[in-house]
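Shared between the two complexes below is chain A, which has chain B as its partner in the first and chain C in the second.
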Partner chain A sequence: MNDERELVINPVVQTSVQHNSQVVSNIRNLTASLFGVAAGTLGLESYPGFAFYLIGTLIVSALIFLVRAEGKPSEYFHRPLGDLWGGEVVGGLSSFVLTWTLFYGLVRA
Partner chain B sequence: MAQPVVQTIHRDPALFWWILLPITVVMILTGVLRHYAMTLLQTTPKKQVLPQIRQHRSLLRGVNLRQNANVLSPSSFQARKAYMVSAFQEGKFLADPEGRGKPRPNPMSDPAAMEGMMGMMKGNMAMMVPQTLIMGWINAFFSGFVIMKLPFPLTPQFKSMLQSGVGTRDLDVRWVSSLSWYFLTLFGLQPVYNFILGSNNAASQVAQQMGQVNPAAGMMGPEQDPDKLFQSEAENLEVLEHWWVLEGVEDRLLAKMAS
Partner chain C sequence: MAFGGAALNIIGALFLAHAIYSAHEHTTTFPTSPLPLDITIELLVSVLLLSTGIVFSSPALKPIQWAQWSGKISREGQQPEAGKKTREGEQILGDGDMFAFLGLDGYGEGRRGFWDVRGKRKEYVGWVKAGGRA
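Moving on, here comes the complex of A and B:
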C-alpha cells in the first residue's frame, strides 16, 4: 500500500522508461559490434574473447553511469542495477560474436 | 598431455567476396523486406457496430475507474462506483442484452476470431518462408566446403550441423561451413535492423514472438463472454479499497518545504 501511494505521488512515466532503456540498448549494440571488431582484430580466442566483452561492457556501463546519467542513475532508471549495469548485456553478445567471428576470420584464420 | 596439433587450412581470399558478403547482404535485405511485408500485411481494424464499441469502451471505463481511483475524492468515487456497478450487473452496456447466459458460439465459426488467427498465420509465414528459402539457397550453393574458423571452441555435437557436407571426420569443430555464418547473422543482425529500420520494426524476431503471445484480439477476445467480464469487473470495483492521493497533502507539502 505504501509503495502504491509513493508511485502515485511520484509517478513513473512509461514513455520515459522506454526511451531510456532504448538509449542504453542502442549504446550497447553499437559498442558490442565495435568490441567484436577489436577482439577479432586482436585475435582473441574463446575465453579471453568473452572476458574482453565483459570488461568492455563494464567500461561502457561506467561511461553511461558517468556521462549519460551524470552519476545519478536513480533519476533515470527505475532499477539502476538491472537497467544500467546489467541491461542488454546478453542482447549485445550475439552481435559481438557476429563481428568477432567476421574479423577473426578475415584477419587471422 | 600433448597439445593437439593446430589445424590450419589455407583458403582462397575470394571466399569472403563470394560467400560471406553475399550471405550477409541477403540477410540484411531479407530483414528489411520482412519489415515492409509485415507492414503491408497488417490488416486495418474492421469497423465495428455501435453497440460493440459501446460494450468495449464501457468495460474499459470500468477498468480505468478502478486503476485511477486514487485521484478521485471519496464522494465522487463512490458515486461513480455505484453507477458503474449497477449498470454492469444489469448488463446495460451489453451488445445483445438477450444473449446473456447463453453459451458462446464456437470460436472457429466466428469470423472475427478467424481474422485474428489469420493475422498470426501471416506473421508466422513471414518469418518461416524467408528462413526456409535462404537455408535452402545456402545449402544448394555454398555447402560442401569450409569457409571460416570460429574464434571459440564448440562441442562436437555441432559438427554434424555446422560442417554439413564436409566429409572429413577429424576436422576441428571450429572450422565451419557457410551454414554457421547464416546462423550467426540470423541472431546477430538484430541491432543492424534496429539502426536501419528504427526501434519498433517488424523484422525483429523477439517482437514476432511477443506478437504471437499477445495477438491483436486484446482483452475483449471473441472467446470471452462479455457478460462475465462485466460481472467480474463489477466485483473488482466492489472490493476495491479506495484511498485518496490528496489526503494529507498539506502535511506532505509542509514536510517538503521544511526539509
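Moving on, here comes the complex of A and C:
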C-alpha cells in the first residue's frame, strides 16, 4: 500500500526500466562467457569455478555501479540490490558453464 | 567513453588470446605441472580489462524516476539513440517530450497557457461597476 502510494507520487518510466535491465543483462551475458573462458583455461573444477564466477560478477556489478550508475543506483534501478547486484546472475550461469567446459576441454584436457 | 571501451576491448582480447595460447602450449608440453604464475596473472588482467571495456562500451542507463527522466529530456532535447541506426544508416531518435502535442512551449498547434481567471474576473467586475461601457 505504501509502495503503491510512493509510485503514484514518484512514477517510474517503464521504458527506462526495460532499457536498464537489458543493458545489465547484455553486460552479464558477455562477461559470463568471458569468465568461463578464464575459468576453463585456469583449470578450475567444481566449487572453485563457481566461486570464480561469483567473484567475477561481483566485480562487474561494482564496475556498473561506478561507471554506468555513477554511484547512485536508486536513480537507475527500482530495486538496486536485486536489479544491479543480483540481476541476471543466474541467467549468465549457463553461458559461463558452456565456455568453462569448452575451454577446459580445449586447453587443459 | 565508447572509444576508450573499444581500445580496452582490443587490448584485453589480445592479452587473452596470448594467455590462452601460452596455457595451451604449457599444458601440451608439461601435462602434469601447474600453470605458471605469469600466465595466470596475464589471464586475470586480460579478463579484467575486457570486462571493464564491455562496461565502458555499453549504452548509458536511463533514469527511471519520471521527474528526472523528463527533466533530462527537457534539458538536453530529443537525443538520437546511441549505437542504433536504421538499415539505411539513419539515426533513431530516443524519447522525446511526452507533452509536446499540447504546444505549451509556443510552437505548433495546441493549447495556449492557462490564463489568470481571478484577474480576469476582477477586471470584469471593475468593468461592470464602471458602467459597463468599454
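One rule holds in what follows: the second predicted complex is superposed on the first by the 104 of 109 C-alpha atoms of A that agree within 3 Å, B and C clash if a C-alpha of one lies under 4 Å from a C-alpha of the other, contacts with A are read in each partner's own complex, and residues count from 1 in each chain.
Going forward, contacts are C-beta pairs under 8 Å (C-beta built on N, C-alpha and C of every residue); 3 or more make two chains touch, one makes a residue touch a chain.
Everything numeric here is computed off the predicted structure, so don't read it as measured data.
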(message) So in the superposed three-chain picture, is A:Trp85 touching just chain B, just chain C, both, or none of them (first/second/both/neither)?
(response) neither
(message) Is A:Tyr76 touching anything from chain B or chain C once the two structures are fitted on A? First, second, both or neither.
(response) second
(message) For A:Leu63 in the superposed arrangement: first (chain B), second (chain C), both or neither?
(response) second
(request) Figure out whether A:Val12 sits in contact with chain B (first) or chain C (second), or with both, or with neither. (result) second
(message) Going by the contact rule set out at the top, does A:Ser94 touch chain B (first), chain C (second), both, or neither?
(response) first
(request) Name the residues of chain A shared by its contacts with chain B and its contacts with chain C. (result) 26, 30, 106, 108
(message) Using the touch definition from the top, list the residues of chain B that touch chain A in their complex.
(response) 11, 16, 20, 70-71, 147-153, 181, 184-185, 187-192, 194-195, 199, 243, 245, 252
(message) For a test of understanding, state which residues of chain A touch chain B in their complex under the given definition.
(response) 1, 5, 8-9, 22, 25-26, 29-30, 32-33, 39-40, 44-46, 49-50, 91-92, 94-95, 97-102, 104-106, 108-109
(request) Would you tell me which residues of chain A are touching chain C in their complex? (result) 10-13, 15-17, 19-20, 23, 26-27, 30-31, 34-35, 37-38, 41-43, 56, 59-60, 63-64, 67-69, 75-78, 103, 106-108
(request) Can you check the complex and tell me which residues of chain C touch chain A? (result) 16, 19-20, 23-24, 27, 35, 40, 43-44, 47-48, 50-52, 54-56, 58-69, 95
